[in-house]
Structures are given as structure tokens and as C-alpha cells.
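Please see the structure below; I have some questions.
In order of appearance the chains are A, B, C and D, and numbering begins at 1 in each one.
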Amino acid sequence: MEKIMIKTFEEPELQDPVLVCGLPGIGNVGKITADYFIDKLKMKKLAEIYSEYLPPQVFISNNIIHLVRETIYYKKTGKKNDLIFLTGDFQGTTQEGQYEMSYAVLEWLKKYKITSIYTLGGYSVGRIVEKPRVLAAVSDKKLIKPLMRNGAVFPEGEPSGGIVGSAGLILGMGMEMFSINGACLMGETSGYFADPKSAREIITVLSKALKTRISLNDIDQKTKQLEDITEKMKQEAMNKNSKEDLNYFG
Amino acid sequence: MEKIMIKTFEEPELQDPVLVCGLPGIGNVGKITADYFIDKLKMKKLAEIYSEYLPPQVFISNNIIHLVRETIYYKKTGKKNDLIFLTGDFQGTTQEGQYEMSYAVLEWLKKYKITSIYTLGGYSVGRIVEKPRVLAAVSDKKLIKPLMRNGAVFPEGEPSGGIVGSAGLILGMGMEMFSINGACLMGETSGYFADPKSAREIITVLSKALKTRISLNDIDQKTKQLEDITEKMKQEAMNKNSKEDLNYFG
Amino acid sequence: MEKIMIKTFEEPELQDPVLVCGLPGIGNVGKITADYFIDKLKMKKLAEIYSEYLPPQVFISNNIIHLVRETIYYKKTGKKNDLIFLTGDFQGTTQEGQYEMSYAVLEWLKKYKITSIYTLGGYSVGRIVEKPRVLAAVSDKKLIKPLMRNGAVFPEGEPSGGIVGSAGLILGMGMEMFSINGACLMGETSGYFADPKSAREIITVLSKALKTRISLNDIDQKTKQLEDITEKMKQEAMNKNSKEDLNYFG
Amino acid sequence: MEKIMIKTFEEPELQDPVLVCGLPGIGNVGKITADYFIDKLKMKKLAEIYSEYLPPQVFISNNIIHLVRETIYYKKTGKKNDLIFLTGDFQGTTQEGQYEMSYAVLEWLKKYKITSIYTLGGYSVGRIVEKPRVLAAVSDKKLIKPLMRNGAVFPEGEPSGGIVGSAGLILGMGMEMFSINGACLMGETSGYFADPKSAREIITVLSKALKTRISLNDIDQKTKQLEDITEKMKQEAMNKNSKEDLNYFG
């Protein structure tokens, strides 16, 4: 079999499209963000990607199986730049898979003449963050100022280990092999659970960068739910500690 | 060498064959079931598959070596659907091997125009089950009702992790890449040992689905043997505990 | 690069050659045996095999580096069967490497029309064996009787796990893909160290099977050295225990 | 994608060039040495190598991403031998990657008719070394005497395990597959941290071997910094011990 099989759904004409990549990763921040845009902007399916670089697995939903995949969506905005979004069930699971799948997406999208790239990810800080920052790194320094105006920050020396996985590779290969510039937006997250609050901050920055209005109601609601759950867990932990204290003196 | 080598034994004309896949896995339930049909229906060998995706190993039986393989059998039923069964010594051992071997089987079987697929497996529940259920998932919702009539169950959200390995892939790739629909039948099993009792339940459902009569005597006997052994082990454990209790008071 | 590169040294005309394979493995028994024949029979180099399936490593001997390899030797015996021996620094290190390298050797040797194959290995029994047996498994039952006459044993159900690695694969692939029959000779060994004593027993069986006289002096000497060392270690352990006993009472 | 992509920057005419390889490894000694020459001799970039054998990662420097790579530099010396240096962010991360990347470099450099090769590495001794030796191994014994005159040592049986990784492979493949001779220079190092002191000793030997004058000021300064740090750490450890002693008596 071909190691990567791309099934085309439509062949739209797109104007100077911008590519946004949000695959599963730290805090699932990139995927939550991408899925939110795809849903809110009612994007259409452009292609599905099956590959032996993904786990040998099907998911089950309503008793129906679903072979794991990555999916490309598009949106004709009627403005300067149309949009192409990449999301999926998994990133490539091996080093080779990471390179091959990132390259295959960029190669397949050549016909659409992508003008710039945003890759999305989480930046694990190991503690719960009250107000997550959106860190950015770029492949062309001209992109720094506009992104700062949109709310991204560029702290010196962070993330110190660089960017590992598809968020780094698609940007790096886009730059070196396809001459497309872009940025990686990384939302601060504890890294302990799927983090809509961090995704919310990226959505804010990205919607400005893409000049696309997008309602934050639903993501705010998800964030609220998560905060209620964590607050409740905190309370329970405190109650438990108090009781233990009482027991201690009892 | 070719990564997958298929040695053809016969080239029969088959009528609208149904493919059944039972490779080693959880509780060996799929393989026990497939081997039982192959034996009881006196199926004939269609092909052998050697591959570097299988362990680098030979088995020894009566001092004669046997290079590990997967094997395809067939049965002309004289009814609406002839049968093709896939079983083997191992599943592909790597992610790539899982995809490539599943694809190679489907590709090689193209000439027989498979009409539907049943993949078989175990569903590990981590405890000994008195009356194992047969869970099912399908690639086309039209298949749900007939399978329920044959005794399979479709509990919501189970198995929650989807289906990993060839039982998932052959079904998923059959659907997405070969446009063949089908179902996966999963017998509940503790997951601690090879489980004929769970296989027995799949045999019952599958023989109805395939409209094939098959005697359950031999599998009942194997199940009985297993139950005698586990009963004996339970007794020994209880006796040991009683003695320890006596010792404690002695 | 080609994944396997074979450098030819000579192109002799060989008469009905028998292939013997002794690569590193359990107790290094196969390699010790093969190296002993190559040395004693003053075999000539037929080919060297370099491959990315071997470790990325050079050895150093007398300050000169040596890229790791497998090597094929030959011997014109002047009798019914000439000899071809395969030995090397390593077996292929991955499952794919095991298959590809075994296949490549058999494929490359096609021109010499190998008439039968002996693969050599150790059979780990987890304890020091006074008189190691030579177990055998064959790809054609006609080979059992002659090998029993030469001193090999065919115990039922041993080795129970089959044969893993090149000793199994070259025999199994020789049988299924090249229609060459043969046997695997496995010397019992503790598995704790390189075991010339076990190799000695294989040398005895193999020299009869190959109808080749070979002096056992040097291997007997090596065995003696090993036994002296292990005897000394045993004494030291006993002395130490005695002293500890004295201390205990002192 | 091609598994290894080489981007050419210049196509200079070089006279009998010598290849020097210093990739990351034990104590980073090889890379520190190569980077020092590249910097001090103001070498020019010949080519960049991207590959799926390198980690799927970008580094970030001044907020700009940098796809990980290996890089080839050159220097026209105006003397008998021009110079080509290989360095990089990583070695190939798998066994296959080690072989393929080493081979690709040698194959790509064929047009420059390399006359000899020096590979650089660290030799881990597990303790801090006052005066690190530079051990050497060669692919042609004619190279031993000149290297001894330049300060390298050839102790019998060291390193006992041979040379693992690109420093071994490029030398071994250069010898067996490209008929180019050369030497590996290994600086003794603790193996616990990046070791400029060990690199300094290789720089001394290599600059003589390459008949190239190179100032040692900057590497001496780095070594001094490292020694100051380790000295300070030693003092702190001693002070801590003294205090603990006082506490003990206090």
C-alpha cells in the first residue's frame, strides 16, 4: 500500500489560502483550536489522509467504526485569504511518520499555493495557569510585530527545547523546502488534561491574525465547565484534608 | 525480498464470498473461532503468507520446522455465499506491518470480489465472565439489526478505546479503501488465557450470520476442560487458605 | 545506499555445495563452531556482507578499524559436496533485518545451487551441562535418521518455543522459498557465556554429517581452559563461604 | 519525501580536500572541535542536509525557528589540501539513519575526490581527566606513525568496544565502500558534560595533522570557565561537608 493515502473530496478554487495546522498534542490545545474554527466557520472537507504512520486502530461511534485519519478542511472567506485547516485523530507516531506526513500535506497542498502557515500547539508549564499566554515563534522575523499586536508574546529563550512534532516540522519544512513562511502559536497549559482555556487564548490571537470574527461563547462555556470540575476537586481535596485533621485530633 | 510473499495453492471460482478474519489476539478468541470453522467445515488452503512483518521464527512440530505464516482457506458452500477464512501464527508485529498485511490480504482477495467481512477478536474485561457477550461494531448501520437478531449486542460506548490491530484495520480499510462493509465480533474474555468459552459464543453468532450449521460439541468439550481446570485451581486455592487459617489458629 | 551490500572476492566453481550458517547467538555456539571449521579447513573468502541491518559500529584490532560484517567462506573438498560457510560479527538486529539478510544470502548463493543447509545455534537450558546434547530439527523428515546416526537427538517438544533468529529463518526460508532442505543443530548451553564445550559437540555431529575429518584438539583445549576457570571460580566461592562460616562462629 | 535532502550552497573547485567529521556525541567533543575550526577558519557553507533520520524538531533562536540539520562547510587553504568539515545538530537517530546519512555524505562528496578522512569523537572514561589523551584508530596502518608524531596515542585494546556511531561508520564506510583511508581521533572525557578541555587536545592534534595554524585562545578560555565552575562546585561541596562536620560536633 502507499504509506500515505490522500482521498480528495473537493477541488475548490481558493484565493491565497492560509494553512492552519492543529493536530493532537500537549493539552490537545492545537486540535481543540482547529476543531473550534472548523465547526464555527462551517468548513468543508477537502481531503482525508489515511496512513500506516497512524496507529492501527478504528474508533467506534454509535456502533459505527471510523478508521483513524487526518482531515483537511477549507473555507472560502470572500476576503483576502481563504482558509485551509488540518486536524486529525493522531500525529504520525514515528520520527519517519512525522516527517513523511508533514511533507505529504505540504506537497499535496502545493496546487493551492499556500501563502502562509500557522501551526498550533500547547506549551507545557507543569502547573495550572490562571491567564495562559500565547507564545509564538516564526520563520520570518517580519511576522513578529504583527503577531505581538494580535496578542502573542515572544519571550527570549522560550520554549528552550524548540518545538517537537508536527507543529514544528510543518513550519520548518514549509520554510526550508516549500519557501512558505509562518508562525507557531503555543498556548500555555499545565499539560495534565485537555485544556480549552489555553485553546481560547490561541483562538483569540489566531482569529485576529486571520482577520476572522469568531464567537467565543462555546469555548468559554467549555472552559467554565472545566473550571467548575477542577474547583470541585479542589474543594473535595480540602474537605478531605480537614477531616483528616479532625481525625488526627479526634 | 518482497516484504509480503503470498504463495497461491488453488484458484477456485467462488460465489460472492464472505471474508472472515480470526488472527491471534486477546484471549486468542478470534483465532480459536476461525480455526474451529476451518476444521469443522474441512476448508481447503487457498494461500500462505510469509512476511518480514511476522517474527523471525520457525515453530517445530514432530521435529519438523514450520516458518511462521498467515494462511487463507476457502469453502464452497453451495449456498448464496462461499466462505474465505484468514488465520495465522501471528498478526503483523509493527504498526506498519499491521497496515501492510491487512492491505495485502484485501488487495490479493480483490479477484474473488468479497461481498462482506467479519473480523473476530476478544474484548478484555479483566475478570472471568460467566456468560460472555458478543459485542459488535459495524461499518454500515444496516448491519446492526441482523446481527442483533443473531445474538450480538451493541452496547453504547463499548469498547471505548475502539478496536486495535487487524480486527479493526481489515474492517476499516475494507470500508475506506475497498468499499466492502462488514462487522467486528468481539467475545468478552478475562484476557488472562486462551478462552474457548468466549470463542463458543462468537461461533454461535457467526454460524447464524453465515447461515452455516456447525456442531458445538468439540468447543463445548474444550470449554468444559477449561472450566474443570479453573474449578480445580479455585478449590486448591480455597483448601490452601483453609489450611493457612488452621495454621493461624494452630 | 543499498540496504545490503555484498562484495564478491572469488567466483569458484563449486560442486553440490552444502551451506553451513553459524552466526553469533546463544552461548555463541553457532559462531564458535563455524569459525572452527573455517580455521581448521583453511577456507577461502567468497564474499563480505555490509548492511544497515548490522549495528553502526567498527571494531578495532591492532589499532586498525574493521567495519562490522558477515562473511561467506568456501572450501573445495574434492569429495561429493563442497562447503560454504556463513559467519559474521552480528545477526541482523531487527525483525526486518533478520528476514532481509537471511533472504539476501540465500538469493546470492542461488548461482552455487546449494544442495542442503545446516544452521547452528545454542539451546539455552539455564544451567551448566556436563555433557551437552545436540538437538536437531529438520525441514524434511528424511533427514532425521541420518542425523540421529551422527549423534544428534530429536526429543519430542524441544525446543518448545521453536527457533528464533537466523538459524531458524535461513532454514525456514530455504525450505519455503528456495526449496532447499536442511537441519538446525542446537548445542545445549547454560546461556551464561561463550560455550566451546557445547560447540565441540556440534563440531562432532557436523563433521560426521559433512563427512569431513576435523581435529578436536584446539576446541578441547579451549573447553579445558573454560572448565579450569569455572572450577577456580567454584573453589573461590566455596572458600569464601567457608570463611564466612568461620566468621560466623568466630 | 526523499529520506535525505541535500541543499547545495556553492560548487567550489577544491584541491585534494580532507574531510573532517565532528557530529554531536560523547562529551560533544567532536562537535566542539569541528565548530571551533569552522569558526576560526571562517569556513563557507557548502551544503545543508535535512532528513527524516533526524529528530522531528525545530530549534528556536531569537524567536526564529531552525529546522534541525547537518551542515557541510569548506575552506580553500591555498596549500596542499583544502578542507571540508561536517557538523550538525544531531547524528542520525536510528541504526538505518546512521548508515544512510554517513553513506549519503560520502556519496555526495564523491565529486570533490576526498583524499582522507578524520572523524572526531569523545572517549568516555567515567571520571574527570586532568590531561585528556587523544586516542586514535586508523583504516590504514601507514597513518599510525604520523599521527603519533602529532600527539595521538594508540593504546593496545582501547577503546575495547570499537567505535559506535557516525565517527566509526564514516571511517569504516569510507574505507570499505569509497576506498578512502583515514583516522578517528577520540578525546578522553568524563562523559558527564560538554567537554571543551578534551576538544582542545583534539584541536591540537588535528591542526598539526591538517598543517593548519589555529589559535587556542578561545578554547582555552572556555576550558578555564568550565574549570572555574567545577572548582567552585567542588569548594561548595567541601564547605557543605565541613559544616555538616561542625553540626555533627555542635
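Keep this in mind: a contact is a pair of C-beta atoms (placed from the backbone, for glycine too) under 8 Å apart; a residue touches a chain by one contact, two chains touch by 3 or more.
Since this is a predicted model, take the numbers as computed values, not measurements.
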item: Least hop count linking chain A to chain C through chains in contact; value: 2
item: Fraction-based call for chain C against chain B, same above half, different below; value: different
item: Superposition rotation for chain C onto chain D, Cα-based, multiple of 5°; value: 90
item: Separation of mean Cα positions, chain D and chain A [Å, integer]; value: 38
item: Mean-CA-position distance for chain D and chain B (Å); value: 54
item: Where chain C touches two or more other chains, by residue; value: none
item: Pairs of chains in contact (touch as defined earlier), listed by label; value: A-B, A-D, B-C, C-D
item: In the complex, chain A residues that touch chain B; value: 1, 3, 5, 7, 48, 50-53, 55-60, 62-68, 93-94
item: Of chain B, residues touching chain A in the complex; value: 95-96, 98-100, 102-104, 107, 136-141, 144, 154, 156, 159, 162-166, 168-169, 171-173, 175-177, 184
